[in-house]
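Chain lettering (A, B, C and D) follows the sequence in which the chains are written, and residue indices restart at 1 in each chain.
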Amino acid sequence: MSIVEIGKGKSGRRAYALEEIGIVPSRRTRHPDEVSIAWQIDAYRFELPLVVAPMDSVVSPATAVQIGRLGGLAALDLEGLWTRFDDPEPLLAEAAELDDAAATRRLQQIYSEPIKEELIGRRIEEIRSAGVTTAARLSPQRTVRYYKAVIDAGVDIFVIRGTTVSAEHVSGQSEPLNLKQFIYELDVPVIVGGCATYTAALHLMRTGAAGVLVGFGGGSGHTTAAVLGVKVPMATAIADVAAARRDYLDESGGRYVHVIADGGMSLSGDIAKALALGADAVMVGSPFARAAQAPGRGYHWGSEAHHQDLPRGARVKVGTIGTLEQILHGPSTMADGSMNLMGALRRTMATSGYSDLKEFQRVEVVVTPSTAAR
Amino acid sequence: MSIVEIGKGKSGRRAYALEEIGIVPSRRTRHPDEVSIAWQIDAYRFELPLVVAPMDSVVSPATAVQIGRLGGLAALDLEGLWTRFDDPEPLLAEAAELDDAAATRRLQQIYSEPIKEELIGRRIEEIRSAGVTTAARLSPQRTVRYYKAVIDAGVDIFVIRGTTVSAEHVSGQSEPLNLKQFIYELDVPVIVGGCATYTAALHLMRTGAAGVLVGFGGGSGHTTAAVLGVKVPMATAIADVAAARRDYLDESGGRYVHVIADGGMSLSGDIAKALALGADAVMVGSPFARAAQAPGRGYHWGSEAHHQDLPRGARVKVGTIGTLEQILHGPSTMADGSMNLMGALRRTMATSGYSDLKEFQRVEVVVTPSTAAR
Amino acid sequence: MSIVEIGKGKSGRRAYALEEIGIVPSRRTRHPDEVSIAWQIDAYRFELPLVVAPMDSVVSPATAVQIGRLGGLAALDLEGLWTRFDDPEPLLAEAAELDDAAATRRLQQIYSEPIKEELIGRRIEEIRSAGVTTAARLSPQRTVRYYKAVIDAGVDIFVIRGTTVSAEHVSGQSEPLNLKQFIYELDVPVIVGGCATYTAALHLMRTGAAGVLVGFGGGSGHTTAAVLGVKVPMATAIADVAAARRDYLDESGGRYVHVIADGGMSLSGDIAKALALGADAVMVGSPFARAAQAPGRGYHWGSEAHHQDLPRGARVKVGTIGTLEQILHGPSTMADGSMNLMGALRRTMATSGYSDLKEFQRVEVVVTPSTAAR
Amino acid sequence: MSIVEIGKGKSGRRAYALEEIGIVPSRRTRHPDEVSIAWQIDAYRFELPLVVAPMDSVVSPATAVQIGRLGGLAALDLEGLWTRFDDPEPLLAEAAELDDAAATRRLQQIYSEPIKEELIGRRIEEIRSAGVTTAARLSPQRTVRYYKAVIDAGVDIFVIRGTTVSAEHVSGQSEPLNLKQFIYELDVPVIVGGCATYTAALHLMRTGAAGVLVGFGGGSGHTTAAVLGVKVPMATAIADVAAARRDYLDESGGRYVHVIADGGMSLSGDIAKALALGADAVMVGSPFARAAQAPGRGYHWGSEAHHQDLPRGARVKVGTIGTLEQILHGPSTMADGSMNLMGALRRTMATSGYSDLKEFQRVEVVVTPSTAAR
């Protein structure tokens, strides 16, 4: 661990961003068709190591079904438009028409509409009835209030996701969510995060979570670093949490908690790097906002963008480049890493000589300055 | 301390900028409402750890009162327009209309008007009469000449601020300000700076100052690095001076001199980082130049910008984004760290699990290249 | 070797890009006319240490002849337009007229035309009949199928070039190319690559190759880093493979395998750096796409640009700046390193005091951040 | 000395650019009026530590006189327009009217006019007759041929300046300049360079030179790094050569050879940094191309820009900002480090607590990434 002295009164560790990492092929190569990128968490097996992020610009009940059929998993945001409005389509259409200057303020207004508990069950059912695995997200603040509706609706995988989620939320006022007890009592697997350090992740693993989300505010349009000063570059965060997984595996006598890199991956190469650094799967949003079917209609935003007092993300224009299928499986007609994300991953693994994701976590990487982009 | 050999004849220390720092949340989280960001210096207690910088584009008697009522402290520049002109409003209006090419030259002309001693007392009284804590600034060069007028007017906190202020000004010509004797004889607490090193700060602390300003020429529009070659990145400077505070506390048998980071913080995340690195409070200018009430009318400049022979700062357009209250306390309608500065600080501390500023100085930080901005 | 801990679970080596390298003149200087930049591989001697890359925008039978007459070697891509079409000129003209948005898709269509085996021999003969050394390229995937046609046509130097080529391609489905046996049975020298590590290069050297290509996807318009996450900066790759050459020389009892840097060199200074780091020669494409005679008519693309499922390179506009002769030998009328590539190399060597390329590999270099470009 | 392994076959030293350096004020301050920036080389004393570079866009006989009267020294290029043409004014006017695309080619044509030996003496006499110290430059290639004319004209300081000058030029064809013998036989002090390493500088010092120029191709518009790959960042080069000065002082029993930083300093802060790193004086061109009196009429180019085969510099537009006097001594009306260069230097030294240049070479500096510009 490389600790640098910032000044006489403070030291800090040198941490690395995905942009600073390059994957190094080994001396073997394979054919992409002979590579498996399947991922299994708890009882659920997916053809792809991918959770599409719970963001209104990307996941609607309809796209959740489509993504499921294409081999991935999509998590619906239960605190987004689909649980605030019977029919959010007109609002999604409006959000895509706003000019940049007005967007934050109008999103704040739209999202000030209260959540309607009855819509939670209805939305999950819309996905479930199509026969795909369902995943849905609540923030830690609202989990106690709404989780029963989620469970009752028969969700398969429960996602608790906030900017930072800790196993130990200290409060003198209210009784906070006791994650350990909560997860213990649930029958469904829980994915929880974000976190970004070895210690925070280890504590989350001890709550019984099936998976932890690594990262906070690292995604497209997020401004956590500017607003809060909080920044833990993803490469270091993933590698740290992967070490926590290994140590917890030993400590727990064999419980393997999945490490899911969340945020800051907008190109197929970023996904490969996250897995190379030790992630079991990735949670990705922005590439799918560019799908023809995306509810955001070429725009992308996360729940940070409509915080009522302190928005920490922008609505960004990403454009539309192809179908969900093309973005996942190609064929790609763009040479920039934005299409055929899964084909690209297969090729990276084949080029590097690895045949499954667990092996690929051992691939050699180099550190190189991001400005030397070649 | 990491010393690098620049060449065979010269070595230097690696120093870090705020842009290279990221705050790392611990394994605990708290609710923002349970966080205190109160700051006390000498007998004065403030709800916010904030001194608004003595710059004509930001602090007038009127905005000083408003900022005081909002929980902060504003320092009036006693060598600015308010002591040179009976009514500076027409000149402030003109300064906001100048085109960029002509601005430096015209500011030099406007500020060539002599300071009128009688205005010093009048301006302080305008603030005092509103019942808020008063702070006013002189440069070290003019302190001997004008300080009596300042004291007589009943200022609460005396600020001596120059690009670089040393405890030991060497001169064969004039009798320079003897800071130690001067401060000893004054009845009011003195904040003095800038400085940027452990040794310089320690010497300033020994003069009896209540607070030292860390930094020089680091702020918005300042060009000290380009003009003078002088540059000490803020993260290292703050951490060094915080160490001097600790060592002086021991040396003095318990005198706690406040470390106030001054310059280079234009976003709420920068303020959080400065405090995380060991500052007790921050002196900030540019974010408040964007207030509807700001005298600069959407433009911002410091006293460096009108130096008669060697201007070292530009008048920069910053625009107007909201009220002083919004910029301090929100609600924010912008996702870029420019509004709700104090709400953001509370959230950073809550997210990191700290409940007061003194504790927060211990938060973990990482060093990460500023180009990898995610 | 400088290994850094990226996180607790992963470490990686710090690797360097050509942009981070500067050549340091020694205390001697020479006259450029007294410098030799000749290069000999197997029985073939060239006045220039240069292979022009097998890319349709650069090498046609006609330009291969011209480059050969100017002292260099050009490799024809046998999987490009010249073996797919009787007369590719109309398609080359069309490719230069496409707008950027449509280019990738149309290139994919054009290159979906099957390769015609009979054209392989015809194209090689067109070059051979002009009396210059012939070099032609196949991908590893198609080598088994087409190599007989290549050999029968009397090619002098056989180039097997893919994004990554390994000595050990693992496959359960098909019988992959056994490089070692293949090269052993051929009568002509083989240049094979890309590779980027000591180990991969050593294994390629053991196959009997006369030269190995260092690098993958580093060239102009390539997006391997973005699409695959694969990136090994060229400076480190060249220096590693040069070490493999030295170790293999010992291991083999004296076989000197040439190290040919391939990709990422668009300016004359880049070529000098590659040789300074240990390369024996360079494979270069983009500078020649700017020649008046270039088939690309001011546009440039590689085989990655028309991959049917996962294009990993863009067609980029490079413009036309002079004749092939001017670009190779000057006189230059541009001050940016794009013309008189070989005159520039001679001058670098003269300025540094070296008289031949083998000596020049020992020149001192420094590492310096690429952003400090002066 | 920090050596990094670039790859297994090559290591290099980490070298630093001026942009990466910041000057750190000590705990003392002084008044700028009590600072001396005088410089003495051989029998010549100057009020300013400044040689204006021998570039046609900056130094004509007329501006050489003006600069001399303002306290500096200007070197006339004896291989420029003033020795090729009786009246270069029309050509200077034309050079300032060319569009960028055509500039390099037209400069090559203009400078293909032969040097007229009789003009050498005439131009030196034009400066000498005004009573200021004269300095004139030849390249090493032409020194043997023309130096008699220079000496006969009574030049005070002889400058031999090329991109790289070595004490040991190896040639089998012609008899190169034997610097040691040449300087020994001359009666006037010689300044020679560029060089960039300890060893090369030490060898130049042993030739008997009064001063050595540090740097090559580092200046405004130069493209040596792009064209030749040769780059030694100035901060490291200056600090290395300053060490050579100290060691040669010992070796020679007391001969102090002046270290003159040459190139890459376009702002006043850069000049201060060069002196802080150990230079005795600076050779500067581009800031003076912005003077109303500059022959370049707002454009700037060096001798590299008109090399007949391999131009390595561009003609760049710099604009006109004030008089020579303002640029040297102020008052400045620009806040960006481009005016009052000498006043800025005085202030840097005063702010740092130093009273003369020799002391100032000991000032503390830090290394900080150039991208963190605050």
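Quick note on the criterion: a contact is a pair of C-beta atoms (placed from the backbone, for glycine too) under 8 Å apart; a residue touches a chain by one contact, two chains touch by 3 or more.
Worth saying up front: this structure is predicted, and the values here are computed from it rather than measured.
A.B. asks: Select the chain at the greatest separation from chain D, using centres from the mean of Cα atoms.
C.D. replies: A
A.B. asks: Can we say the copies chain A and chain C touch using the same residue numbers, with more than half in common, or are the two sides different?
C.D. replies: Homomeric contact, different residues on each side for the most part.
A.B. asks: Give the rotation angle, in degrees and rounded to the nearest 5, that superposes the C-alpha atoms of chain C onto those of its identical copy chain D.
C.D. replies: Rounded to 5 degrees, the superposing rotation is 90 degrees.
A.B. asks: Mind checking the centre-to-centre distance between chain A and chain B? Centres are C-alpha means, answer in whole Å.
C.D. replies: 39
A.B. asks: Going by the contact rule already set, what residues in chain C reach two or more other chains?
C.D. replies: Within chain C, the residues that touch at least two other chains are 14-16, 236, 369, 371.
A.B. asks: Answer with line, ring, star, complete or other to describe the graph linking chains that touch.
C.D. replies: The chain contacts form a single closed ring, each chain touching exactly two others.
A.B. asks: Dump the list of chain pairs that touch, please.
C.D. replies: Touch list across chains, by label: A-B, A-C, B-D, C-D.
A.B. asks: Quick one: which bits of chain B touch chain D in the complex? Just the residue numbers, please.
C.D. replies: Against chain D, the touching part of chain B is residues 4-10, 12-20, 104-105, 108, 163-174, 195-197, 199-200, 203, 216, 218, 223, 225-234, 236, 263-264, 304-305, 308-314, 369-371.
A.B. asks: Using the touch definition from the top, list the residues of chain B that touch chain A in their complex.
C.D. replies: Against chain A, the touching part of chain B is residues 1-2, 14-16, 21-31, 33-34, 198, 235-246, 267-273, 276-278, 330-337, 340, 343-344, 347-348, 351-353, 364-369, 371-374.
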